[in-house]
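Chains: A, B, C and D, in written order; residue numbering restarts at 1 for each.
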C-alpha cells in the first residue's frame, strides 16, 4: 500500500513541561549577581514590567526603576489617549464581564496625543527613573521623534509578531537598521520566537529582543489564531541565535522572555533556558501599586474586529516590594521573585545569569498532577 | 528471556496538540487571498457549512453562498422527510435529555420524499445561491437523477467512512468513477482519513475530498466504535495524497477538513496542516440564522440500533456575519473566522491558502493547561 | 562529569491512548463473523462475563450462554459460601460507603462449601447452558475433582497475577500441565500481561489466556501495589506470544482481554490490538439481570489485610439484550457492543476477528479532551 | 534558512508515570525479606519516618523503632526550640489558612536550645529505640558534638539540595569526609537527585543517601524555584551511582527515596526503581500517633523571606500499625504499606529488596484517567 512521507513535527515546551536539575556544586544565594545589561544601561535585577496599561503607568515605571529593574510604558494606550486615565481605568475595572469587550473597544478607539506622549516621558524622567516606552511598528516612524526628543532612554518596538521583513500596502515598511541609526538610544524589538527571525533582528543592530508569542495570561492568540510557541522552546531557540550572533560579531544582545509567568519557578526556568531577563505582566498587575486595580487585560484585547485577549480579575495580593524581594506572605511562588532566583541559582552553583543559563533543564511531569491528590482531599 | 517484536504505534495529532510558528516575513492581513476552488466554482472564503440538519436549511444555504462560502444541504434529513420541518426541529429543541435519543430515532425513521428533494434544491437555486447537497453512498444511485435534474451545483457523497472499494450484499456497490461520469457536476466524497484511501478516491475522478472521522463535537464514533484519527494528522496525510495525485496527473483536488472546529485557531491549524478548506458544524449551529435553535446533533445520532452522537446545547451566540467576518463580541476565537485566518496568514507571510499550507506546525502543550491557573483563581 | 547509563523505560498504552484507523476497503456489518473458539467450543460472540459476584450468578450464566456468549461463575464467592446469596448481596448493596470494606471482609470470610459448588454447576447445566467456573490457583487442586464431576465445561484458573512457575511454602505449587491432563475440559488461565509469561503458560497446554493486570474499574491494584500494564500493550504482547506459539506448535490458543472496558470502542480496540475475545465486568454489572443490584466490586476488595478494590455504584442502565445487541438507548457506547464491533469491523474491511486483529491502531489524544469544551459550555 | 542546534531535553518520570510489570515467576508474599541496612544497623522494614515536626516527635520515634523501622527527629524544629512543643503544635493546628504562614514564621524564629537537643535524644534512647536525628548543613559542625555525646545512633544531614561541594562566604563549608571521621555513627546525607552528586557524596564516606528534591506533598520548591526532579528518575540515577560506587569500592551505600509517596504503589515503584528504603512524611502525618493532629507542613514552610511549602490538612485516618501492617480499612493504598510491598514482591518473584530493584518498570498512563469515568458517573 502506498504511504505518505511521515512529517515529523517538532516538540516544543512550556514552563510546566520542564524542571531545573540542581548542580553538583552549590553556593550561598547572597553570592549571586542577577544584573541585566541593555545597551550600556545596567539593571540590578533582570525583571521588566510589561508595557500593558494595567501594569505600567508613570508611577509604576518610577517605582520599578528604583528597585533596580525597569518598566515599559505603552504610549499607544490610555496614558497617551486621555488626560485623565484614572477615570478610564475605573470604568474598565467596574465593567461587567459581558460589557467588557465593548467598553475596551470604545476606550481604545480614542486617538493618541503626541502632547501626552511628551508629558508622560517627562513625568518619568523627572522622578530620576530610567524611561522605556513601547510603540507598535506601524506608528514607530511617526512617533520616534517625539519619543527621543522627550528624553526616553529605551525604545521598545513591539507587536504580537515582529520580523525584520514586513510587507505592507498601507505604510512604508519599518526598517530597523534605519531606526537604530535615527534614534540615539537602545532599541528593543519583539516579539519573536524563532532562531532565524531572532538572528535577522539582531543583525539590524537592535539592543534587545523580546521573546514570546501567545503565552500570556491575558492573551488568547493561540485560541483565536492558532499561533504561538511555548516559552521554554522559544527562549532556547532565541538564546541559540544570540550565541550565534555573538560568535559572528562579538556583540552581545540580551533576550528577554516576555509573557506567561505565574511564579518564581517560571522565571528561574526562563533564565535556565537561556534568557537574560524576563518581562512580566500579570504578577505585577496583582500589586497594590499597579494601576489596573486588580484587573489585567492584554493590548490586543480591545482590537475592534478581532479581540484576542480577555480581561481577567487577578486581585490585589501584595506590594511591589514583596513581589520582587519579599518577605513573602504566600507560598505559591508569586512573591520574592528575586529571592527565588538567587536561591535557585545557589542550588545550581551559578554566580550570575550567564552561568544560570547553563543549568540543566529536564522534561518533568507537571507539578499540578502531584498536588491534585491533596487538593481533592481538602474539598 | 524471549521477547516479542515491539510494535511501534504511530503518534497522531489533533488541533490541541499543535501550534503554528510565525514566519520570518510578515505581511498585512488585507493582502491575503483566502479563496477555495471546487471543480470550476471559486468560493471567496474556504469555509463550508456542514450537511447537518441543525446547521443547513434552505435559508442558511442561501446566506452562506452570499458571503462567498458554501453550505451543504443534507437531503436525507428532516428537510426532505417533512413538508414542514420547523415543527420537527421545534420538537427536537424542546425534548428532554432523556427523551432525546428516542425522539430523534422516531423523527428520522420517516422516509425521504423525492418530491421534497426537488423542491429544496429549487428553493436554494431560486435565491441565486450555489446549491450543494449531500447523500449517503447507499442512496446515491437512486437519488442522483432527481438531484441533477433539479439543478444542484455540487453533489456531496458522505458517510462516516467512505472508501473507493465497498463490499455489500444488500446493494450493488457505488462506483465513484461511474458516478462522476453520470452526473455533470463536481462530486465531493468523504469522509476519509488516510493517505491511501484519499489517493484511491481522487483517482476515481472526484472533485473534492472530505477529511475527518470521529472528531466532531456532536459525534461519539470514537467512543462507540473506537474508530477515528485526529484532524491534524488526517489532514496532513490526505494533503500528502493530494500532492502525490497532483504530481501524477496534474489535476488539483482540494481537501476539506470536516469536523472538530471550535475556534479560528483550529481553522488556521487545519490550513497549515494542508487543507484547502474547512467544513464546520457546531460553530454555525450557534448562529441566529441556524435552524437548530441553539441545539446541534450529529447525523449518526438518530441511528436506530447504534446511535453515535449526542444532541448538545450550543446556545445562540451571534450572527453568521459575526462568525465569519466579525466584529467579534467574544474573545474565545469563535467569531470572525475569516479575519483570524487573514491575521494568521499575515503573521506567517502567506499570501494565499497554498502558501499557508507551508507554515510550520509544532507540537505544543495545550493552551488549556496554561489558562487553568487563572480560571481557578476566578472561582 | 560522570554520567549514568540512561535506562530507557518502555512506553505502554491503554484504551484511551489509541484509536483505530478505518481501512481502504469497507464491508457491510451484516457480513461479519464475530465468533470465538475455546477448545472445541464455539461461541457466536466473543464476549465473556467476568467471574465477579456482582456480575455472574447462575441466572446470568444461563442468559449469557443463550446469547451466544459465556459467563464465568466464581466458585470462591458468595454463591458457594451461602445457601441464600441474595440476602448477602442485598446487605452489600445497602451498606454505607464507610461500612462497606468491613462488611465485604466479613461476608467473604465464610468458607466455601463443596456441596454448593456442585449445586451451582448443576443449576447452570440443567438450563442447557455452557458452564464455566473460576477458581484461584491455591484452591485449584482441591476443587478440580468436584468441578469436573459436577459437569462444568470450562475451568478458569484466575488470580491477579498467574505464572507457569509459582513458588510457595504453604502449598505444593500448581502445575498447569498436570492440571490440563487431569481435568478433561478446556482450562483457561490468567491473568498475565507479558509475552514471556503468556508463552510459558501456553506451553503448559492450556486452552485460553486471560490478559490484564490492574485495569478494571473496580480494581485498585495499581494504586495499592504499583503493578499493572495498560490493556492495549498487554494485549499486543500476549497476541505476539500466541502467534509465536502458533508457529511453534500449530495450536491456536485464544487470548481474552479482561478488564477496563467502558464502551464498545474499548472492545473494538482490544480486538484490533490482537485479542480473540473480551471479558467484561462493570458494563454487565449495570444490566437489569446482574445480581449486583447496581453495585460492583472486585474480587480482591474483600481481602482482609490488603483490600485492593472498591465497591462502585454503577447503576442499572438497560437489559443484557440491549448491552449486547441494542437497540441502544444511550450514546456513550455502553450498549449494543456486538453491533458496535460489527460496524467497526465493516469500516476496517474485516470479515472476522482474525482479520480485525490486523486493523491499524494509532496513538491518538484521548477523546475526553475534545469533549471537555462542550461539557464546560453546558455548565 | 539558518537553524539552531536542537537541544534535546531529557525526559524524567515520577510515580504516576510508571507501573511495575509482574514477573515470570511468582512467590508467596510470606517468603519475602524487606530489611534495610544503614551502616551496621539492620531494620526489619525499609520505611523511615521523615524529619518533619508534624510526623516525628520522641514518641513517634520510639514507636517506629519498635515496628522495625526508623523515624528521624528534626533537631532544628519545635522539639528543640520549645520546652513544651505541644502548645506550639496546637497553635499551628488551630491557625486559620490566612494566618498560617505568619504563625509558622514566628514559631520557627525561636532559637534552638542545645540542652533540649540532649534531652530529646536521651528520651528516645531511654525507650530502647534507635535514635536518628537530622540537622541542616549550616548547623552540623556546631551541633555534632552534643548529638554524638547524647547518644544518637544515626546522624542525618539534610537540606533541600546538598552537594559534596558547597561554597559559602558566611560559614566554613561542611566537609562530609571530616564529619564522617569526627562522629562515630553512620551519617546519612541529602537530598540529592543526580548520578554525579550522589557519587561524590558516597565518596565522602557517608552511610546513606536521601534522594528527592521537590516531590513532597507539603513542598512547593518546584513552583517557587523551578527546581526538582521526579522521584522515579532521581531514584534510578542515584541507584546507578550506588552500583558504580559498589563496583569501585566494594562498599554498599543504601539510597533512600524521600518524599512524594501517597500509597503503597508509590513505595513499590521506588524500590523497583532502585531504592533500598523510603522516607515518608504525609502518610505518617495521617496517623493517630503523629504529633501534627491531622496537619502537615514542610520544613521550608516557615522560611521568613521565601516560604516554600504549605500547611495541608491531611486528617487522621488510622493507626501507625494499620499504615505499616494493616489490616487496611481503606482501599486507596495508604494502609498496610509493608503488606503491599510483600505482595508486589511476590508478584515479581523477588525474595528481597535487592531482587525487587530488578523488577521491570514501564511507562504507563496514570490510573487517574481510567478512574475518572466512574467518578463522573457518581456525581
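Here, contacts are C-beta pairs under 8 Å (C-beta built on N, C-alpha and C of every residue); 3 or more make two chains touch, one makes a residue touch a chain.
Owing to the predicted nature of the structure, the values given are computational and were not obtained by experimental measurement.
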| item | value |
| --- | --- |
| Common touching chains of chain C and chain B | none |
| Fraction-based call for chain B against chain A, same above half, different below | different |
| Distance from the mean Cα position of chain C to that of chain A, given in whole angstrom | 55 |
| Whole-Å gap separating chain A and chain D, where each centre is the average of the chain's CA atoms | 39 |
| Chain A residues counted as touching two or more neighbouring chains | 1, 10, 13, 24, 196 |
| Chain pairs in mutual contact under the definition given at the outset | A-B, A-D, B-C, C-D |
| Contact footprint of chain A on chain D as seen in their complex | 1-7, 9-14, 16-17, 101-102, 105, 160-170, 192-194, 196-197, 200, 213-215, 217, 220, 222-230, 233, 260, 262, 282, 301, 304-310, 312-315, 366, 368 |
| In the complex, chain C residues that touch chain B | 10, 13, 15, 18-28, 30-31, 195-196, 199, 236-237, 240-241, 244, 263-269, 272, 325-333, 336, 339-340, 343-344, 347-349, 361-365, 367, 369-374, 377-378 |
